[in-house]
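Per-chain numbering from 1; labels A, B, C, D, E and F assigned in written order.
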Amino acid sequence: MARPVTLFTGQWADLPLEQLASMCAGWGFDGLELACWGDHFEVDRALADDGYCNAKRELLERNGLGCWAIGAHLVGQAVCDRIDDRHRAILPPEVWGDGDPDGVHQRAAERMKDTARAAARFGIPQVNGFTGSPVWHLLYSFPPNDFGEIERSYEQVADAWGPILDVFDEEGVRFGLEVHPTEIAYDFVTTRRLLDALDNRPTFGINLDPSHFAHQFLDTAQFALDFPDRIYHVHVKDSKKRLDGRRSILGSHLNFGEEARGWDFVSPGHGDVDFEQLFRALNRIGYNGPLSIEWEDSGMDREYGAQDALAFVRRTDFAQSAVAFDAAMQR
Amino acid sequence: MARPVTLFTGQWADLPLEQLASMCAGWGFDGLELACWGDHFEVDRALADDGYCNAKRELLERNGLGCWAIGAHLVGQAVCDRIDDRHRAILPPEVWGDGDPDGVHQRAAERMKDTARAAARFGIPQVNGFTGSPVWHLLYSFPPNDFGEIERSYEQVADAWGPILDVFDEEGVRFGLEVHPTEIAYDFVTTRRLLDALDNRPTFGINLDPSHFAHQFLDTAQFALDFPDRIYHVHVKDSKKRLDGRRSILGSHLNFGEEARGWDFVSPGHGDVDFEQLFRALNRIGYNGPLSIEWEDSGMDREYGAQDALAFVRRTDFAQSAVAFDAAMQR
Amino acid sequence: MARPVTLFTGQWADLPLEQLASMCAGWGFDGLELACWGDHFEVDRALADDGYCNAKRELLERNGLGCWAIGAHLVGQAVCDRIDDRHRAILPPEVWGDGDPDGVHQRAAERMKDTARAAARFGIPQVNGFTGSPVWHLLYSFPPNDFGEIERSYEQVADAWGPILDVFDEEGVRFGLEVHPTEIAYDFVTTRRLLDALDNRPTFGINLDPSHFAHQFLDTAQFALDFPDRIYHVHVKDSKKRLDGRRSILGSHLNFGEEARGWDFVSPGHGDVDFEQLFRALNRIGYNGPLSIEWEDSGMDREYGAQDALAFVRRTDFAQSAVAFDAAMQR
Amino acid sequence: MARPVTLFTGQWADLPLEQLASMCAGWGFDGLELACWGDHFEVDRALADDGYCNAKRELLERNGLGCWAIGAHLVGQAVCDRIDDRHRAILPPEVWGDGDPDGVHQRAAERMKDTARAAARFGIPQVNGFTGSPVWHLLYSFPPNDFGEIERSYEQVADAWGPILDVFDEEGVRFGLEVHPTEIAYDFVTTRRLLDALDNRPTFGINLDPSHFAHQFLDTAQFALDFPDRIYHVHVKDSKKRLDGRRSILGSHLNFGEEARGWDFVSPGHGDVDFEQLFRALNRIGYNGPLSIEWEDSGMDREYGAQDALAFVRRTDFAQSAVAFDAAMQR
Amino acid sequence: MARPVTLFTGQWADLPLEQLASMCAGWGFDGLELACWGDHFEVDRALADDGYCNAKRELLERNGLGCWAIGAHLVGQAVCDRIDDRHRAILPPEVWGDGDPDGVHQRAAERMKDTARAAARFGIPQVNGFTGSPVWHLLYSFPPNDFGEIERSYEQVADAWGPILDVFDEEGVRFGLEVHPTEIAYDFVTTRRLLDALDNRPTFGINLDPSHFAHQFLDTAQFALDFPDRIYHVHVKDSKKRLDGRRSILGSHLNFGEEARGWDFVSPGHGDVDFEQLFRALNRIGYNGPLSIEWEDSGMDREYGAQDALAFVRRTDFAQSAVAFDAAMQR
Amino acid sequence: MARPVTLFTGQWADLPLEQLASMCAGWGFDGLELACWGDHFEVDRALADDGYCNAKRELLERNGLGCWAIGAHLVGQAVCDRIDDRHRAILPPEVWGDGDPDGVHQRAAERMKDTARAAARFGIPQVNGFTGSPVWHLLYSFPPNDFGEIERSYEQVADAWGPILDVFDEEGVRFGLEVHPTEIAYDFVTTRRLLDALDNRPTFGINLDPSHFAHQFLDTAQFALDFPDRIYHVHVKDSKKRLDGRRSILGSHLNFGEEARGWDFVSPGHGDVDFEQLFRALNRIGYNGPLSIEWEDSGMDREYGAQDALAFVRRTDFAQSAVAFDAAMQR
């Protein structure tokens, strides 16, 4: 085992961090990737309250837990998304405000800058999250898309995130986009385009989550090899296809967990992701950061699952070889 | 060969019908499914001009061509879609008007009623088309959908189409939704829900097009068997997946024909659709209507392709058995 | 782990129950599904001897073992089978009698009624078993079957079992047919027909055993979803196909364990059954009864195998989720 | 095209041979494999009526058709089968008689001897057919088989067929068993055993029909290579599996042509058989006899199908190479 | 059909060109790719005899045949191979000389220069062929390779071919390496390395032959897309894997055509190559040169096969689209 | 667990045996298969020094380790190989001598005789190793092979090894060829030929290593069943194919561990080998010798891997059944 294993706390924000940290420590996690919602890591309080970060740090240390990254997915989503009522449910009230899209975009961008500042104050060099997408609704080109609009959207995202990333640079913090449907970048092609639109600035990398690749029939291990210097953080999450000629890979507008869906999220090791190949690819590119379990499985008890996932990662993420072979055969 | 083979003219609307009909006759088609755009079948003129339908009919007869259905996809799409600039490009100016969504919806609905009236006048009992969808942009549930909204959308579509279908009933014409991404119904689950929302009224059936099923990993032959009394018309169109771990099944926001897409439309018989199984299923359910080739393949010459497709259908759509087997073995 | 794990004792009837119970307790089983042969559960003695059931119960309790069902496969088989010499080997002498088919049928039926009575006396609400089939030999229709005969056979079985099931009803005991080749119901189609012939009376349900489905290329998880209210008991047994172009799926009239067979039974987790999907399906339909390991693998030591199978079930049958996801993301 | 293509007339016995021969000649067949039922080839009349064979021969020659084999499947089946009512439907009344099994067996055996005599008189050196099986009903070993009984059945068949084959030897005619479910030999293993039980006498070979292999997951080309000196005749017939997790490979006691079956017969080239590999294997073993189309497809018109099948064979059965490669590169 | 279809004459050098040309013209070929052995195209005579090229050209024109390339595989092989007795069989005596490796290398290199000169004189801008490889015998690294030696071998080949390619440049002729086992470049990796070692000079490109890719599990269409500006010529040749657990992909040191091999060459369209995808890829990269059938199939008659292959290419190499789709739908 | 599990020390020869034995004992191995290089088992010293073997034996016993075989791969390779510089690196200097091929062959053969003598002295009845191959470089027949030369090579190997095997016979020691690319026998076909060339003498059997079969698409379990009386020793080693259309199964002349290779060695249980089927096959043929882990995985830490492999074998190599099934069901 070479890499620390953490739990991303986003799906556990109904629990106070105090309680969650104690549970995770007991289960044997090395640390937590704190979500910027619930009471796990509150950006506004971190900046406003001088003792906030120290208190969090103490809480973690008391439980023997490290922290290598925080997750700001929800606010990040609002920076470039077409805003609608669903965003109200995931945004802090002061970011949502009156819900006017331009205002939401602007306030979300400011909050992301603050997130970089708060991370720096907390001593964490990595913020993971989403960017949103102005063109997700154009996924299928009918009525026929104006593909110039698609092209421009990469620039639009680059423009919106440029000033945010400037603050990240100032603070010495990096951003890791979780490549994911509903984001501007959700696969190989769109990631390449976005990185190009951002002039491949090192501030902006990837939080690699294989669960979003598997149902697209994408090879996450290959992704790591194709973008070796942009893998800044890794999520361990899994998904499973259940295609039988009646279930659509597009999901049928059904919620996760519905039986008739063509794919769903499952606990790591229970799905389609080939984690051993992914971890071997991470070895090749020299990734030494955390493996952060983002746990989601509508058919499994959450606490059982977190432990099952941890055990799975521990036995799958073996150490690399340090020597070349056949060497011992030669004199 | 038991069923007439027609060409859907929608992708040929750059050609005058006169010219297209002559070409298709020469190639051996049995008839045309006229698109309601270009000069192929103009709804407004059909209603305004007493001789219009007769002239069209004569043009077809002169070429020895039949007509069993017309296609009103573009205007239909505008009835329930979230209207944006892309609709301007596909709508007649008088339906687009000032582009205000409510107005567009209303004018598109009226035009669909007129389409039923024009079809009746033309003596055609079948109009194929799209319905649009108020929730297509909610395909992937992040930010998390309000699934009540999804539920309500089926009702919303039923409400919008109810008055239109009343006119269809009055005129003795049936509507065939082409089950298709970006429509409210695009797979087994959503079609079942939509038909239920419409109280399974017989006016509303399906224009079955397998090219939209194959890339969803859906079995079109099974669809015909599951909805045997709602298959009102059939398109012969094909698509092909080219998944290699780097190409996404979601299409990467690339236009059709781009090399890096995970799937694309191809000429019938060159893709993933198992047409023989589909045709056998159509035999089982007693479908005797046209097989209408909707031709689209960005890598093949259009005129070569139409002929190639016709030959493919001719050799694949064999006649059913009329007798039971092993009977001849028994005395 | 939500469901008790038991061992079906049918393949261990060469051992006295005393000895077997002690072994199973030591291995960690939760209970036993007692076979109605050997000295495990003797129907005649249970009815004749007032202390029999109490003594059995005490034996189990002494070993900390529960009992949720008994297995009466062998006698049940004789109720509707075409009787031949093979039945002599599996029937108690008093049921076999002189071997005259009508008499065997009648005595087997009576013994099944007694089995219900004995189960009730023992306090067990579930009897599993076989029904036999009058038409198994007509599996392949050559010489061509009279399919009217097939149709009538479902009625014939319903007629023979009606009076038996009446006694089950009186005693408050349910019957679980193990869907299985050589039974009247061995797959989706035949099960549906049999249940219909029995007017879907609740007395008669299914003891679901996936090992009989896998070599037929049937999906046991889907079966559970298709017959959700009839899954009364579940066997954990596995089978494996070894098809290489020379081995027939039909078995070549070779005994189990022969190298040249196209499929064989194997210890659970070593074969083709996808138990995780099966257990997830059982979660969906709310099945909370036992998972009863029926152990059979001609290539593995039996005692090693029982423990291996138990460990397999323990690590595969995880608890369900109690909460919906993404909820924690919303405020 | 190196081998003659014939039609097996068994499924066309409702038509007088006069009519069928004329149709087949028109379609381009090289000859017919005459069934010994209907008026196609009547064994009793061929022996009783001196002019019968000449008249048949003339009829064929008038139509330019050859004949290389006759098919005596129905009577052959009765030689070793467990006789029941189904045999009445397929046997001539004088062979059925009173239906007493021993008598039927005996009369069927005599008729098979007569068939050899009639074939000789007709100048045909090959009779194809079935043998029946005393143990087909023991296909699945529950109640557990006495495998000694299985072993003995091969001897039993050898004993019953010995005297028949003696007559074949006397007449200079060979018998070709169509390896087929419900026969004693239906796959690699059982064929090997039967040939051994018959001391591999050259009189007894195989009429190779791939349609009975494909649904057993057997490789017919490999079968030809494994039994190279016993392939006496070849049927061209196809079958197709339609396994989706709900359809059983065992057929669900449904008649051919039912939608819910797991496999069915289809017109050659429309199913799972790899005919090119089979024909290449026939080239390797030097088989130069007829390719006899046995046509059966419940979803296709029979006359269309016969022509479709003929065209398929013509384009698939290419001639072998006569030279070694790369030779031309060397000086 | 956009591209000329030619026959590579290498496997027909036992026939005089006069005879072969007449046959090919009759079959409908557009031209020939002349082999530099037999009497097809003799480099020494072409340079020595002023009328030779004109006479050849006339012979072709008389048969209505074009020529776009010549094939100099055999001599090319000797430029960088480890020379052994097998080369004697494929080389002209004057190139073989005394068989001393250094001398053979030198004379082969001179002959290749002459081949460029002769091609120029003949008016043909393309010479296809092999390069040989100094390290083919090191394919499997045991005893462990010195991988520095592998590295150096690319330079060694570049050094040997540099002066040859200089003459090609002078003559305005290009060389197309047929990527192939036993050559220095036989797959994606080795081709990239070789082209780099040659500084990607435009003189040196590829004669793309998919039959050498398929048995390596390589995707020839992808190869065309990865090396779009180096595809100078295309062979149409096919191969087929027959892997069953007993046949090795490495070929078992058996000659082509042996039954026990794991793969073999087959007539185009009868094997594993997906020619439609290859031709579509050629369309994408704008390749307009010949499709040259190199015919080799040890199980098919050569003359039948050449015609079968030509028909296959004619029906598979359809013309590209000239227009973008959905355009006709938009106003 | 029925068979001892050993570690082959060949890849650990950089460690003194003292140290390695202590590590292996701690990890729980049952014994070691000593390599004849490093200081593990020195053939010359074993013969020259009377106390050598006893000292080795004591060292093993001190660690509670057994020894059932020694490995003499490197010297064996030189007996029949075409000698080049790579052999210098793997041979003892006194065997290499001046590197003249004939001398190397002779000295290697003598050393193999000594190896048998040393094994006998050490009390070990089994020597594993390689034979080398005079024709490995002719793997792909271009320039076309003289297949007579291939035929003769089997005799040549038989001739070279005959005198060596005579000494093995004298000493009561058996030789186990590790069937492997670069050896004369590397698959089913070539092994059969070699054994035949050696008149199937019992001295010469096989050290079965599945890692060399899997990338050839060969079924190792079937190999054991095909050569049941020649499996003298078994290696547990694994390999994995990573074929994606760009990576060649032939390895691209890349070293093991390179990312672009089409296959590579991996730790047992992490690759393509189906060890359960292999172990079941070993049960069938009654193999009771050691399972010797030969560990090689360029992506895993060696010490972690050895333990991981041992645990894998322990849980996969279960004991056979001693009883027949269904017996318990019968009275």
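We adopt the following convention: contacts are C-beta pairs under 8 Å (C-beta built on N, C-alpha and C of every residue); 3 or more make two chains touch, one makes a residue touch a chain.
No experiment lies behind these values; they were computed from the predicted model shown.
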### Query
Quick one: which chains contact chain D and chain F both?
A, B, C, E
#### Entry: Self-contact between copies chain E and chain F, residue sets same or different by half
same
### Task
Return the chain whose centre of C-alpha atoms lies at maximal distance from the corresponding centre of chain C.
E
### Task
Measure off the straight-line distance from the CA centroid of chain A to the CA centroid of chain B, and report it in whole Å.
40
#### Entry: Centre-of-Cα separation between chain D and chain B, whole angstrom
47
### Task
Quick one: report the Å distance separating chain A from chain D, using the average Cα coordinate of each chain.
64
## Note on the structure
The positions of chain A in contact with two or more other chains are 74, 89-90, 141-142, 144, 219, 222, 244-245, 255-256, 326, 329-330
## Note on the structure
Per the touch rule, the chain D residues reaching chain C in their complex are 74, 77, 81-82, 85-87, 89-90, 135-147, 150, 180-182, 186-190, 216-219, 222, 226, 243, 245-256, 260, 262
## Note on the structure
So, in the complex, the side of chain B touching chain D is made of residues 219, 222, 225, 276, 280, 283-284, 318-331
### Message
Using the touch definition from the top, list the residues of chain F that touch chain A in their complex.
### Response
10-14, 37-38, 74, 89-92, 244, 255-257, 259, 265, 270, 296-302, 304-305, 308
### Message
Show me the residue ranges of chain B that touch chain F in the complex, using the header's touch definition.
### Response
244-245
